[in-house]
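Sending over a structure as structure tokens; questions will come in a sec.
Order of writing sets the chain letters: A, B, C and D. Residues in each chain are counted from 1.
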Amino acid sequence: MTSGGDAPGMNAAIRAVVRTAIYHDLHVYGIMNGFEGLIKGNMHRLEKGDVANIIQRGGTMLKTARSAQFLTSEGRQLAYESIQSNEIDGLIIIGGNGSLRGALDFTEEFQLPIIGLPGTIDNDLYGTDFSIGFDTAINTAVDAIDKIRDTADSHNRLFFVEVMGRESGYIALFTGIGSGAGNVIIPEVESSVDNLIHYLQLAAKRDKLFSVIVVAEGSKLGNASELARIVSEKLPYTETKVTVIGHLQRGGSPTCFDRVLSSRLGYAAVEGLLQGIHTKMAGIINDKIFFTPFQDAISKKKEINPELMKLVNILAL
Amino acid sequence: MTSGGDAPGMNAAIRAVVRTAIYHDLHVYGIMNGFEGLIKGNMHRLEKGDVANIIQRGGTMLKTARSAQFLTSEGRQLAYESIQSNEIDGLIIIGGNGSLRGALDFTEEFQLPIIGLPGTIDNDLYGTDFSIGFDTAINTAVDAIDKIRDTADSHNRLFFVEVMGRESGYIALFTGIGSGAGNVIIPEVESSVDNLIHYLQLAAKRDKLFSVIVVAEGSKLGNASELARIVSEKLPYTETKVTVIGHLQRGGSPTCFDRVLSSRLGYAAVEGLLQGIHTKMAGIINDKIFFTPFQDAISKKKEINPELMKLVNILAL
Amino acid sequence: MTSGGDAPGMNAAIRAVVRTAIYHDLHVYGIMNGFEGLIKGNMHRLEKGDVANIIQRGGTMLKTARSAQFLTSEGRQLAYESIQSNEIDGLIIIGGNGSLRGALDFTEEFQLPIIGLPGTIDNDLYGTDFSIGFDTAINTAVDAIDKIRDTADSHNRLFFVEVMGRESGYIALFTGIGSGAGNVIIPEVESSVDNLIHYLQLAAKRDKLFSVIVVAEGSKLGNASELARIVSEKLPYTETKVTVIGHLQRGGSPTCFDRVLSSRLGYAAVEGLLQGIHTKMAGIINDKIFFTPFQDAISKKKEINPELMKLVNILAL
Amino acid sequence: MTSGGDAPGMNAAIRAVVRTAIYHDLHVYGIMNGFEGLIKGNMHRLEKGDVANIIQRGGTMLKTARSAQFLTSEGRQLAYESIQSNEIDGLIIIGGNGSLRGALDFTEEFQLPIIGLPGTIDNDLYGTDFSIGFDTAINTAVDAIDKIRDTADSHNRLFFVEVMGRESGYIALFTGIGSGAGNVIIPEVESSVDNLIHYLQLAAKRDKLFSVIVVAEGSKLGNASELARIVSEKLPYTETKVTVIGHLQRGGSPTCFDRVLSSRLGYAAVEGLLQGIHTKMAGIINDKIFFTPFQDAISKKKEINPELMKLVNILAL
């Protein structure tokens, strides 16, 4: 099952789950539309051929949805009945924070081995260095900023570019370093508008004529539009523009890194279930598979490497 | 000189102008920052090597700006003095509507042979089938929608995607056909919200679960956000999302088509000046070079092919 | 039916054929594997939903093959029987030269309205400005050469890059202009190794330190490897490298241009059959739909614009 | 200095070195053409603006070359004199195995602090999880195979795709997993043609109609063409095709991962020199900077993770 927001690489993970399971002579069912489909029993048997030629596709062939019904105990009861009537012995859920929380709630009420896979472009789950879709999302954002830089450079403009990440600055930070941004505004690091203005004044003094400021969705200084407005007021000679990259960050053919990560995690999830592991999320830390309890995966805070934030400031000017 | 908004392919055109001119033993100067640089005499001699390895680059190596000063007769007087003191015998301007209008005004006051090249992603200039940058812009927009479609498909959502084109629906129309959009809203074609609702109701009836509606910036029904709001009110069961593709449409490495077009036009501009042609825009119509008077290029209306609009409707459902 | 080599945009054309036909209340069958599938009756009904979400996909959902059996009159007899038993009233074939020739042979023996669509990256069919897949192929080749240029530039090397086109230099010519190649070797234009050596000596004299020479598969001077060897012998101080771009030119998501072209042609094919047109290929010339007899489409020579060849030489140095 | 084969990300590393050095009030000189330029004193001062807008560019702005002269002790003597006369206090070399070996030889004869950065798409240097350019190269190869898969799928063909890696199978292994290859042939893993034939027979039995086999340049079973010939003889019903991806793997705009890696390593190199570290290569292992003696970096063997090879086999069918 895929659940929550889709992320590039989910199809590669599904392929790996299906093929590893069949390699072990297991039967696999694909559950459509996340918990919603589980409740409705919307699922079908998957064979090896059903996952051929999908490793390169964005989105998820199992579709995904947020289920209001699953948040109720009646909904979860129906889901469990569906599991029993379909003789399901174990469940693999690919999704983000909310999906793993739903899985945790479910296992507290009902007996069912569940393994989760970190499927979220935000990379905000504890227990894995990178989550499925993150690498693709930062490359999409960097490509977009490369295009914006062409026009920023031609016009000597200041661009505020907003990338995804409501609680987490990972996308913004990597995108910012990768695109040579002048500054990065993320929720994890205290920053003030004064610092930003100070940077921009320095930049102007050194005749750096255009800049891109990368802003995480969850910025505490205001979103990209608000920041642009504030800067325009304080530095009226600056021509500011705003681009919100938006949903295209969720799509696209996954990068090689995301395909390899997804393949390894899909394989690990099946092996884990066979070894009796459950209520845990499979992740890769320092190139090794680790299983982290759902509770830790969703509640422990993944720290931003402070070296990276320092790097932005040193390389910007 | 490049002027107005930048467009992918401008560098390829500059390369062609420089190399064709030197082939004819002419001296070439690159004027920086459009009319602003002309006024200030900000220009430098270009040799063949200066335009090496730029054919693939977005933006413009000569930068571009809008010049308030050039709109005044004092500014134009200064520009003319700069032309005389630098012994310039002819001028090639790559830009859009506003730039050619500026050139026309200039030639009405001063004697100087000027040839214009259509450099605008909007493709709204009369006298050429396609303008420099259009093909790249529609491919950028289609790539973005391909990514959005992954996530739209995974979530069964309705996406409103806004593309550039303030006066012209060319980008929206080609992007819409190329991305298999459900509907296209452009300034040239009268359309009503009722038609859009009607389409969406039909789509829902046929179980078409996701759709992308492409909206030109200059839509007379409201921009993408406004349309999404209206539709959400009328079809409350629909989950709508909005993406404004924005400035990344102006950037990026030009497509092969744009590079070939720009190379041919750059060559034609120099040949045209040598043949005594002036106050005209070089364009390609039916694969042949044509020179169109500035007045016609900027004021005559380029018609949208009604067959293409019909195609959107037939292929959408 | 798709036939012969695949080309990006074939799926977009299939989508347009299916949806236009259903718009006219016709039944549509997709024939698998070209003439081979026709002979075996390997076909199935297509509904609108079957062609959803394929406009962006390379390859062809109907697969394609070359059929030895169809070259025999027994094979064609079987194909006709399959047509009769499946009550097919008209056939649309998307393919290249060989496919249209097969169609022509077929119509000389049996009564069946057939319309062809030009589906070949080679762009060598008379009766259309561009064929389905050409624009994508030249962009793929130009992207590849952009990457090669990075390394050529870093190392001051001479690269011979071979692109597809056995009888036709269209791909090589457009790719060459688009990639700023030093020279283009195509079957249509008489060229000698001496000219190439002369260019390279000039380039060396002007300190142009790296160059890319684009060679069409059908080059009469020898393929890329042979040319590299000859040049290495005559100019021993030159470090030469060879890249054959190969089959990746046939694949990839189609460009916007190819999607629009394919959509228009698919629509035109259905409209043509309904108007009683047959034994003709639909093409677009000067932005208008034209129907060209198969005989002309496959035997008349499409001329290379000599201006473009001249452009290569002027812009190279 | 960049040396040896170029790799995407070298420019990002140069940018980081220059900006970090100037942040510490150091003077930086860029040495052109590797050791060749060092010998000739071909170097120039770099300021912050000189490395603006290069983070996204493939190749290396400092160019690179292999120097025969530096292999002689006379050459190295000249290089040292150039270092003295230019008052160079420390050297940062970005390159692969051969470049670090050259640096090691140099430090054994002359006193000069040198830090190396792993710049090679092959990822064969001990002391870093990934080298600069590897991630871009595998994405380029995977993109190419995605395109080939379109046509392989449409034609039911068997493709042998050769990727770079003379001594190392890293590129082939990651590319193989990322592209869903049927098999991967790499120098590190003993494999026999029989195994390959066995896989292909199984694939045929299960109606897997097309496959891509990824072959490392350094394959001990023969290169892609030889393997294709052998397979054609043993399985004559199989239609085989060969593509050698070639030099385009070295070029292209670096991925976000490569830009971040290069930025971190460039920063680390300068910090390392300031801390008195020398004759070591900076690398990143488990997300932390490590300095590895040149001797180890070039002679210790980096192991292929056997889990990954297993993954290929399980997921292929």
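Following the convention adopted for this analysis, a residue touches a chain if its C-beta (ideal position, glycine included) is under 8 Å from a C-beta of that chain, and two chains touch if they have at least 3 such contacts.
The structure displayed is predicted, hence computed values, not measured ones.
A.B. asks: Could you tell me which chains are in contact with chain A and with chain C alike?
C.D. replies: B, D
A.B. asks: Does the chain C and chain D pair touch with the same residues on each side or with different residues, judged by whether over half of the numbers are shared?
C.D. replies: Mostly same residues: over half of the interface numbers shared.
A.B. asks: Quick one: chain B and chain D, Cα centre-to-centre, how many Å?
C.D. replies: Those two chain centres are 39 Å apart.
A.B. asks: Just how far, in Å, is the C-alpha centre of chain D from the one of chain C?
C.D. replies: Each chain reduced to its C-alpha mean, chain C and chain D end up 34 Å apart.
A.B. asks: Between chain B and chain C, what is the gap in Å from one C-alpha centre to the other?
C.D. replies: Taking the average C-alpha coordinate of chain B and of chain C, the gap between them is 28 Å.
A.B. asks: Touching at least two other chains at once: which residues of chain D meet that condition?
C.D. replies: 146, 149, 153
A.B. asks: Could you list each pair of chains that touch one another?
C.D. replies: Those chain pairs satisfying the definition are A-B, A-D, B-C, C-D.
A.B. asks: Enumerate the contact residues on chain A facing chain D in the complex.
C.D. replies: Touch residues, chain A against chain D: 15-16, 19-20, 23, 48-49, 52-53, 55-56, 129, 135, 138-139, 141-142, 146, 149, 153, 174-175, 177-180, 206-208, 253, 255-257, 259-260, 263-264, 267, 286-287, 305, 307-308, 311, 314-315, 317.
A.B. asks: Which chain C residues qualify as touching chain D in the complex?
C.D. replies: For chain C paired with chain D, touching residues are 2, 5-6, 8, 57-60, 63-65, 140, 144, 146-156, 159, 241-244, 246-252.
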